[in-house]
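Here subunit A shows up in two complexes: once beside subunit B, once beside subunit C.
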Partner chain A sequence: MNRRAAAGLLILAALLVAFPWMTGPYALSVATLILYFAYAGQAWNVMMGFAGQLSLGHSLYVGVGAYVAGGIFFHWGIGPWAGLWVAIVLCTLLGLVIGFLAFRFGISGVYFALLTIAFAEFTRIGFDHIAPLGGPGGLFLKVAQRDTIDLLNFRGPPIMYYYAILALTAGAFIACWKLLHSKVGYYWQAIREDEEAARALGINVFRWKMLAMAISSGMTAIAGVFFAFYYNNLFPEQIFNISRSIEIILGPIIGGVGTLFGPILGAAVLTLLSDGITEAFAAMGLDIPGIKQVFYGVVLLVVVMFLPHGIWPAIARKLRL
Partner chain B sequence: MVVAGVLTGLVYGLMALGLSVIFGVVRVVNFAHGEMMTIAMYAATILFAALNVDPFLAVLPIAAAFFVFGYALQKGFINPFITRPEHSQFMLLVAVAIIMVNGLLMVFGPDARNVQTDYQLESFEVGKVLVDKARLYAAGLAVLTAAGLFSFFRFTLTGKAIRACADNYLGAKVVGLNVKHLYAFTFGLGSICVAVAGCAMVVLVDVTPGLGPYYTLLAFVIVIVGGLGSMGGALLGGVLIGVSEALAGLYIVPSAKSMFSFGLLILVLLFRPQGLLGRKA
Partner chain C sequence: MILQVRGISKSFRGLRAVKDASFEMTEGTINALIGPNGAGKTTIFNMIAGVYRPDSGTIVFRGREIHGLRPDQICAAGIGRTFQIVKPFAGLSVLDNVMVGAFLRERTSAGARKVSLEILEKQHLAPKRDLPASSLTLPDRKRLEVARALATRPSLLLLDEVMAGLRPTETDQMVEVFRALNRSEGLTILLIEHVMRAVMALAQHIGVLHHGEVIARGTPQQIVKDPAVLECYLGEETEV
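Now for the complex of A and B:
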């Protein structure tokens, strides 16, 4: 990282910390959503961007993480600081099991992607039949007291959630930066570019792919815990849905797969875009269901056609970072 | 129930056959497959409502339109993506799928539509088994179309050229085949399968825009179980899934029926990733 990039990052960090005092509650909720997608996208990027394994089922870890921590809080009143660890351990194990099955049997590429979808869908339907967690009717956490901050139970005003997800996103950014420039990071990139060649060089492909899977699923579990306590209601139909997985990965793909800043930029662009479309169509008085998503789809199409590597690499080249 | 499952499964199989043919040749997974299927179903309901055309007749113009559409989609959008990484192709087709689902939602709204013909309530009695007429016709059409496709690939020059592209992209280019044109042609053929399957399906179920993603997933499950790229496998997988859905709906909780399909998918992926009838890559 050169000096200009470091300076830019510092300015961005300062802006993000000061953000809640410069704007209103609506902007704060949008910013929270952006950071949530930036964090989850960063977690997915470890698998796809670094190690080259395309997962289309990351909603599995979000959902299991959310339900584990949410369920523990709902039934026993134990706050997320304990549930968080249970969720991380469980999702990491889940990721390892799926990774073990897939990589042992030599499943990769499209087949791996479809396997991850299958596990997420399988779990979604399974959760529909777990009565203690609400089944298809959903699980509802007691809504937070919006005026007092209860850090122990992670209940409080929106600003608390904003800083929590900001800290997570920053932490993930730093962790991924360290990872990418570590020995493991170079192993991953070698595997991503050419698995056979990496194997021939003596890299234990299986082990490092498993590590990517473990880190990615564990990180995503934290996103799930945040989701549960921020939104307070969980439905299997929604949280495990394949469109949730797609939402998570659109950010990094649009921003730039394999780059550190891509997931953050992509999340910001997509969230602002979808909000902007809503506002614009509302202002024009056009209220046809589906019209927003059609427009969104067209923009995605244009970006992926003309910026195959994502937005961030193009900007980074311009800025000579 | 088993018979009904087999017959519905054959229609599923035809839909999945389209996906399988496209993947087998072009090596692109069509994430907008189910969405295309719902478009065909809507087209059939429109022709029925406006001109009172039976879906089994409407299949001809709809299939023709879909061929052109598929050809253009491949030529204009997907061909430039052939050499790009998988996630890039995936994004492209997801964007297309989003546009299709919500385009349908814009035009038709969220309410279910259907066609009503007199044979939908009638049935044949074979021994002790009652077979719905509509279901039998739908399955017959599916088998006919699949047979047509098989013989096309087997006996015509274009079919052989397409198989050559699938076997060896570089080799096909070297001997002077117009690969881009053949890819587009293949996508058109796959679209015909979807169109016919859609017309057959619309006499069996009501159509809503939300069905698209469901059919896409279903098509994935079927082709993986049968073998991605294998034509017979797609039909076999369709029948398997059709029967298992019918039986699971009868004996277990109806809402758990697709859990069964996904369980089957996971097992197949783990122990025979090339699918039941697939060849090793």
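Now for the complex of A and C:
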């Protein structure tokens, strides 16, 4: 990273920290959403962008993470700080099981993607039948108050959630920067580019792919825990839905797969534009269901056609970062 | 003996690609395997490198049986290789390509970078270190292939047709690089090669393969006079 990039990053960080004092509640909720997608996108990027393994089932880890921490809070009133670890461990194990099945038996590319979808789908169906977690009727977390910050139970005003997700996104950015510039990052990229050549350089491809799987799924579990305590209601039909997985990956794809800043930029562009579109249509008195999906499709099409590596690499080149 | 290949065979769907092949290599020597297309050179190469497991026979590297190990284990044991069809990590820079190899023996990025820069210097690639590997010309890609393998600090280097597609002057330059590596670092080299100019200039020992069998072994001088070799491979003496 050169000096100008570092300076730019510092300014951005300062702006994000000051953001809640400069705007209103609506902007804050949009910003929270952007950061949520930036974080989840960063987690997915570890697998696809770094190690080259396409997962289309990351909603699985969001969902399991959310239900585990949410369920523990719902039944025993224990805040997310305990549930968080259970969620991380469980999702990491899930990721390792899927990874083992895929990588041990040489399943890759599209077939790997299908496997990840399959796991998310049958988990979705499975959760419909778990009565203690509400089944298809959903799980609702109690909201006692929204005025004071209760960190122990992760209950409080929107600003608390904003700073929590900001810290997560910043942490993920730094962690991914470190990973990418260390041995593991080099090994992942080598595997992404050419597995056979990677093997010939002494890289145990199976082992490093498993590590990518573990880190990515564990990180995504944290997004799930945040989701549960921010939205307070969980439905298997929604949270495990493949469209949720797609939402997570659109940010990094549009921003730039494999780049560190791509997931953040992509999440911002997508969320701002899609919210803008929804608002604009609402202002005109039009309520068109599915307009957001159509919009996602158009944006994806434009980016794939004109900026196949994503928006961020093009900007970085222009700015000579 | 750094490498002993004893009676290895390999069949593909009933077709015997390599039949009971044996040879050995002394530490610090440059050796070549030659033979017409389809003679089984690449199959032998891939058995040593761990891509294929021999159906029978043993491969002993520095006193340790290595047949049946995975390619990454073979590399970790100290055997580096290049690919006939070069396989650069296209999206990474030249330096990063070499660093991937260097991480086998180096823990830190700084250490890997240092080792890699030294190797790039010797391979005449230092000025291009920040370019993406995809932008290199074929001779440079071949050099990168060698640099990356060297970064794993092998004691035996396997070169699969590394001269193919190079111009004579580029071949001579490459020959010089390997000679220097052999001389200064005592690197043992096994090359599979079609370019006789390079084989004759480099190899101290040559094995000739024909229909999966080793039909002759010896110094370049002995090989070019061997009647069996002349008949099957070199054709007429004037071609040499």
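By our rule, the second predicted complex is superposed on the first by the 313 of 321 C-alpha atoms of A that agree within 3 Å, B and C clash if a C-alpha of one lies under 4 Å from a C-alpha of the other, contacts with A are read in each partner's own complex, and residues count from 1 in each chain.
Basically, a residue touches a chain if its C-beta (ideal position, glycine included) is under 8 Å from a C-beta of that chain, and two chains touch if they have at least 3 such contacts.
Remember, it's a predicted structure, so these values are computed and weren't measured experimentally.
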Have a look at subunit B and subunit C on subunit A after the superposition and call it: clash or fit. fit
Put subunit A at the vertex: what angle do the Cα centres of subunit B and subunit C make there, to the nearest 10 degrees? 80
After superposition on the shared chain, which partner residues are touched by A:176: those of subunit B (first), subunit C (second), both, or neither? neither
Partner chain(s) touched by A:46 [first = subunit B, second = subunit C, both, neither]: neither
Given the touch rule stated above, what does A:187 touch, subunit B (first), subunit C (second), both, or neither? second
Partner chain in contact with A:60 - subunit B first, subunit C second, else both or neither: neither
Who wins on subunit A residues touched, subunit B or subunit C? B
Once the structures are superposed on A, label A:213 by its partner contacts, choosing first (subunit B), second (subunit C), both or neither. neither
State whether A:115 touches subunit B only (first), subunit C only (second), both chains, or neither. first
First (subunit B), second (subunit C), both or neither: which does A:201 touch? second
Min C-alpha distance, subunit B to subunit C, superposed, in Å, is 12
Intersection of subunit A interface sets (partners subunit B, subunit C): none
Please name which positions on subunit A make contact with subunit B in the complex. 48, 54, 56, 101-102, 105-107, 109-111, 113-115, 117-119, 121-122, 125-126, 128-129, 136, 242-243, 246, 249-250, 253-254, 257, 288-294, 296-298, 300-301, 304-305, 308
Can you list the subunit B residues touching subunit A in their complex? 23, 29, 77, 80, 84, 86-88, 90-92, 94-99, 101-106, 109-110, 209, 213, 217, 220-221, 224, 228, 253, 255-256, 258-259, 262-263, 265-266, 269-271, 273
Okay, in this complex, where on subunit C does subunit A touch? 49, 70-72, 75-76, 80-81, 83, 87-92, 96, 99-101, 103-104, 107, 109, 112, 148-149, 151-152
Once bound in the complex, which stretches of subunit A touch subunit C? 181-183, 186-187, 189-190, 192-194, 196-205, 258
